[in-house]
Amino acid sequence: MAGNSFGQAFRITTFGESHGGAVGVVIDGVTPGLEISELEIQQDMDRRKPGQSSVTTPRQEEDKVSIMAGIFEGKATGTPLFIVLYNKDARPEAYDSIKNLYRPGHADVTYDKKYGIRDYRGSGRASGRETAARVAAGAVAKKMMKEKGVKVVAYTLEAAGYKCKTFDESVIENNVVRACDSEAAALMTKRIEELAEMGDSCGGIIECRITGVKAGLGEPVFDKLDAELAKAMLSLGAVKGIEFGKGFECVSMLGSEHNDWMDKDGFTSNNAGGILGGISTGQEIIFRIAVKPTSSISVPQKTVDKKGDETEIVTKGRHDPCICPRIVPVVEAMAYIVLADQYKRQAAMIE
Amino acid sequence: MAGNSFGQAFRITTFGESHGGAVGVVIDGVTPGLEISELEIQQDMDRRKPGQSSVTTPRQEEDKVSIMAGIFEGKATGTPLFIVLYNKDARPEAYDSIKNLYRPGHADVTYDKKYGIRDYRGSGRASGRETAARVAAGAVAKKMMKEKGVKVVAYTLEAAGYKCKTFDESVIENNVVRACDSEAAALMTKRIEELAEMGDSCGGIIECRITGVKAGLGEPVFDKLDAELAKAMLSLGAVKGIEFGKGFECVSMLGSEHNDWMDKDGFTSNNAGGILGGISTGQEIIFRIAVKPTSSISVPQKTVDKKGDETEIVTKGRHDPCICPRIVPVVEAMAYIVLADQYKRQAAMIE
Amino acid sequence: MAGNSFGQAFRITTFGESHGGAVGVVIDGVTPGLEISELEIQQDMDRRKPGQSSVTTPRQEEDKVSIMAGIFEGKATGTPLFIVLYNKDARPEAYDSIKNLYRPGHADVTYDKKYGIRDYRGSGRASGRETAARVAAGAVAKKMMKEKGVKVVAYTLEAAGYKCKTFDESVIENNVVRACDSEAAALMTKRIEELAEMGDSCGGIIECRITGVKAGLGEPVFDKLDAELAKAMLSLGAVKGIEFGKGFECVSMLGSEHNDWMDKDGFTSNNAGGILGGISTGQEIIFRIAVKPTSSISVPQKTVDKKGDETEIVTKGRHDPCICPRIVPVVEAMAYIVLADQYKRQAAMIE
Amino acid sequence: MAGNSFGQAFRITTFGESHGGAVGVVIDGVTPGLEISELEIQQDMDRRKPGQSSVTTPRQEEDKVSIMAGIFEGKATGTPLFIVLYNKDARPEAYDSIKNLYRPGHADVTYDKKYGIRDYRGSGRASGRETAARVAAGAVAKKMMKEKGVKVVAYTLEAAGYKCKTFDESVIENNVVRACDSEAAALMTKRIEELAEMGDSCGGIIECRITGVKAGLGEPVFDKLDAELAKAMLSLGAVKGIEFGKGFECVSMLGSEHNDWMDKDGFTSNNAGGILGGISTGQEIIFRIAVKPTSSISVPQKTVDKKGDETEIVTKGRHDPCICPRIVPVVEAMAYIVLADQYKRQAAMIE
């Protein structure tokens, strides 16, 4: 009942700490015959890896993937696909100073409370590095979903006090914050660079749009499509909230305003965000997540050590002043994983 | 891989349609020796049942619980506890007029797309009545959690355009909207009654506070405590969003503002909402959910029938103009269920 | 992690004690659109029910099934099918004398050790009555499997010292021991009646043949088809062993004798029992289980009470001198349940 | 719903083909604080590895384990333990001749039927090499169980036509067939060497005794301790049957003979094999499994190719004439894994 697996029919099991030997994933339920290469997976890895730009950590980890099982002559065999990423830029000694301290905003204290033991090197399992394995698995799910015509696009909608006013998909991968509006992107970038200079950090909102999903996915009553997506997103360390369609805005709407009507061509609005009763409608699925400001900052903070003695801490690491651009590919990966699982579950349901 | 079970070590499996023979729940993993009576469960059921006040549906369903297995001489035996609620006020004929129509905001169309068949009587399995079984199970979890010192309190924070300005736990069960501020409650009630008169509906925000939870609950990386709570809440039909601690507000905070510091007495703030890295800190756990306006309204709406022909629909049922007060006990139930499961999972982890 | 559910894509969750209010089952994953009636299920129930003949317990329990959810206008809706059997012939007072005694061969002592509490009325959850819910679920799986062309036939191969020498499917339901050989059946019956007279009991071997299963079912490496069937059968209280194909006899064969060869028409022998590497070959699947002599006997036995004091016990109940004929339909039910699950799992795999 | 995970609270997920990059296992739920080293695991690996003696395959695979995650300063952290074994002695070209042939007794044909694609190099995932990952995981479970006082001992009871007449635990690891009787071991060895010379193979019976298990383990009704052990053992490719306690012999016993009595010192016999109603009694748990003759033999056999054309096959590999001695450590590993899982499940039950 430890919780390192996700999904049922398409099931991933991840492992690995930030500064251990490797991180990786076992994927059980890959459709046999699927063509998949390390190169394809690497492309998604490169979107998540550190050291990409002025707004990400300068840590250099190449995140090189190796597929070591489950593939034969370029095709998935239906047996577990195993992908490993060896840790290269591990500098565990950099963490000696914090081995007995509880860094504010980090899971140091809770890991100690839960397990009675903690790998303090680079946050151990609680490190964002853990998500590398998710992105690798997501790349496999993405390939499977491509064959179904499904496409997931996530992007930074708001960050550092600026909000996108337009949505232009083509600009997302062409600005370092992965925003959907070039003008907002420039403002965000400038502000994040200032915060980095100050040793501080900021959060943001990531929006995710999924197109091409057939109607009928999601398993009432507990494994509703939105419930599964919510769990997937909240399982990311930095995420503090999620909303679908109009989300929290629905609170100030009337039923007569919020209900989506239908005509002979389908729905005439999408306030629900493409999910009704936990099942996909066939419309675009849309949700937003709240990303907290990165916990690792270098301004002085008050905290305690393991013995409970008060102290001041100044984290000196190589951190991201805003994690949004690097979470974007992780959000996409988790969405693809949820969908790959649901397509298979629906196939089982109607068999 | 159908999705009618929730939890692992404390696991509920629900069944039942709104106008079928019964709804109910099998609970697997009740701690043997737990004293539990139908009367205790009934008290929670009565908080969810219809017909309570001017702001709830006048439908009369007494929601009487029967424990039919898993109990012996007043104590749980460790075998599955089975609780059933027979449907009494079923009026399936009331739904004949909508059997071929897709009601806006309802899951009619998605159930048809998913299963190819639909029990149209009172929304079938997609009915809010399904949550009665959750409340019954939640009452059992509540009793288990009471022995651990855990207490969950949910309430309407905002509804019908009004927001609570104070928090007074003692007023929650003394106003029909279950708000935490008497003044706001009066304004909400008046507005909801007006909306009911107009045949329209509104949504709201429900806040939930959990106290007494020990540090160390939650199973990284996928079954984090917030991820499990998010799934539990989003599995409720009317819920469109969730946020923990500062939630979406964290987007406009700096890391230096959002990080919770510690001193020798513990944490000095709780922006995180009592969860770090997916594990409870021992502080109060706090989250809010967005509840959409009830889909069932009696103002005329445009939709299509099963054949895709356009039509107008005027729902004539006995519906809730604002579902918030009746969702409050369901939110508490699901929170207790998540916690009962996590307490047991933690016991397994450290065995 | 209590264990009252079985299967993944076709999943049953059972509940109920021998002398509680009811036994029953929630079935999640029934194919929507499946036509199923209480009458069809009842036919299988009647094969398991007590009081059928001279070789079964005279206890009168009509085992009447009610489907209370998951069905609409005679068809499964894809939501949980809920079947309940109310306990009618409960005589809990008959068990007062044994409330503090541990009956030899029964689970009295182990339930006490595990749970610290025990419903002693008629063995509680450890009663064979629990299998009634399995037979009800099996009848649903059987209907699903009928559409795939799958047929399961179980029968008594050996009992009371006699072994069937011929296999005639048509005689199975026409003799009270459900043997496949009329002559052996007569000898078995006579001997079982004698044992009943003496207050003693005997065991037997049940063989099960499954035809019409397509090649490719079973999920390596842990959920192999034979592993799933073995778990299903060993989960029956009276079963002490299982073997597939040649089974234990393979121990005295050479590889050159045991290997099944193939020619252009398929396999030329079936020593493996229709499963290779945990996956169905498309041949007949064949296995045998060892059924222990019924534990409830009325000859005096030595045992202890809850305090550990030695005593003598003479069980005075209404018991089966040989449980084989009543386990036959349970074996078939569990086999159908395993297969329904595997058909759905295979559909998910190749989606 | 692919099936490469086993267990719930102590859960293993394995991957890897015989001639791919590696085999390995992710273990979720290792008790935090457990001291475990690669050296300890290696000792068990060495008992399973090929090339040990005259009765095992001469293939040289050193089976060197690396723990790459979940451990810190020699102790398990509670996060997933990841163990990998790189494949060294892979000679995929040796299998070119059989790439389109279905070897008798092997899963070649069923993998093709199931997945539509097959890694034919050394049986791929269906290879006995897959069990190396189980043994690695079993070594971790063994360390956990050692702290509970649990000890598992398996050995060859019968093979090559000879049966052990005495039980001497001290001789098991001192003869190449791992038999419990030196005299029988010598006869078995001689006969197996003859069979190897002839290019043929034989099977055997492995018995397993588990001591030190507390009463109360096993989760009725489906996850009974014997049901879980049966599934674990039947998930081994070469196993065709299992029996507990008296096993199939119970068929010719009366209830008055088979029932185990109790006196003030506990049970006075153990016909049940240490499990009643699926729950451990606290006695020795004892079971036996039937191991089929190794499928890989070098005598000529008839079969078909992928197109269905008839042909003759002469396997020229490096195979085990009797797999019993190498399955012994795998049986122990799976038993430890089942028990580690059940100890944790019981802790969750009574929390």
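Each chain carries a letter (A, B, C and D) given by its place in the written order, and its residues are counted from 1.
The rule is short, and it goes like this: contacts are C-beta pairs under 8 Å (C-beta built on N, C-alpha and C of every residue); 3 or more make two chains touch, one makes a residue touch a chain.
If you want to know which protein each chain is, UniProt gives these names: A, B, C, D = Chorismate synthase.
Computed from a predicted structure; not experimentally measured.
*Asks:* Sort the other chains by how far their Cα centres are from that of chain D (Chorismate synthase) and give me the top one.
*Replies:* B
*Asks:* Which of these pairs, A-C, A-D or C-D, matches A-B in more than half of the residue pairs in contact?
*Replies:* C-D
*Asks:* Of the pairs B-C and B-D, which shows more C-beta pairs in contact?
*Replies:* B-C
*Asks:* Where the centres are mean C-alpha positions, what is the separation of chain C (Chorismate synthase) from chain D (Chorismate synthase), in Å?
*Replies:* Centre-to-centre distance between chain C (Chorismate synthase) and chain D (Chorismate synthase): 27 Å.
*Asks:* Averaged over CA atoms, how far is the centre of chain B (Chorismate synthase) from the centre of chain D (Chorismate synthase)? Could you give it in whole Å?
*Replies:* The separation of the two C-alpha centroids amounts to 46 Å.
*Asks:* Please compute the C-alpha centroid of chain B (Chorismate synthase), do the same for chain C (Chorismate synthase), then give the distance between them in whole Å.
*Replies:* That gives a centre separation of 39 Å.
*Asks:* Residues of chain B (Chorismate synthase) that contact two or more other chains, please.
*Replies:* 1-5, 8-9, 14, 29, 32, 78-79, 114-116, 125, 220, 344-346, 348-350
*Asks:* Can you tell me which positions in chain C (Chorismate synthase) touch chain B (Chorismate synthase) when the two form their complex?
*Replies:* 1-5, 8-9, 11, 13-17, 20-24, 26, 28-29, 32-33, 66-72, 75-82, 84, 114-119, 121, 124-125, 344, 348
*Asks:* Hey, which residues of chain A (Chorismate synthase) end up touching chain C (Chorismate synthase) in the complex?
*Replies:* Chain A (Chorismate synthase) residues touching chain C (Chorismate synthase): 1, 8-9, 29, 31-32, 78-79, 220, 343-351.
*Asks:* Under the touch definition given earlier, write down the residues of chain D (Chorismate synthase) that touch chain C (Chorismate synthase) in their complex.
*Replies:* 1-6, 8-9, 14, 102, 104-107, 109-111, 113-116, 125-126, 130, 158-159, 161, 195, 200-205, 215-224, 226-235, 237, 240-248, 250-264, 268, 272-273, 275-282, 290-297, 299, 301-304, 308-310, 344-346, 348-350
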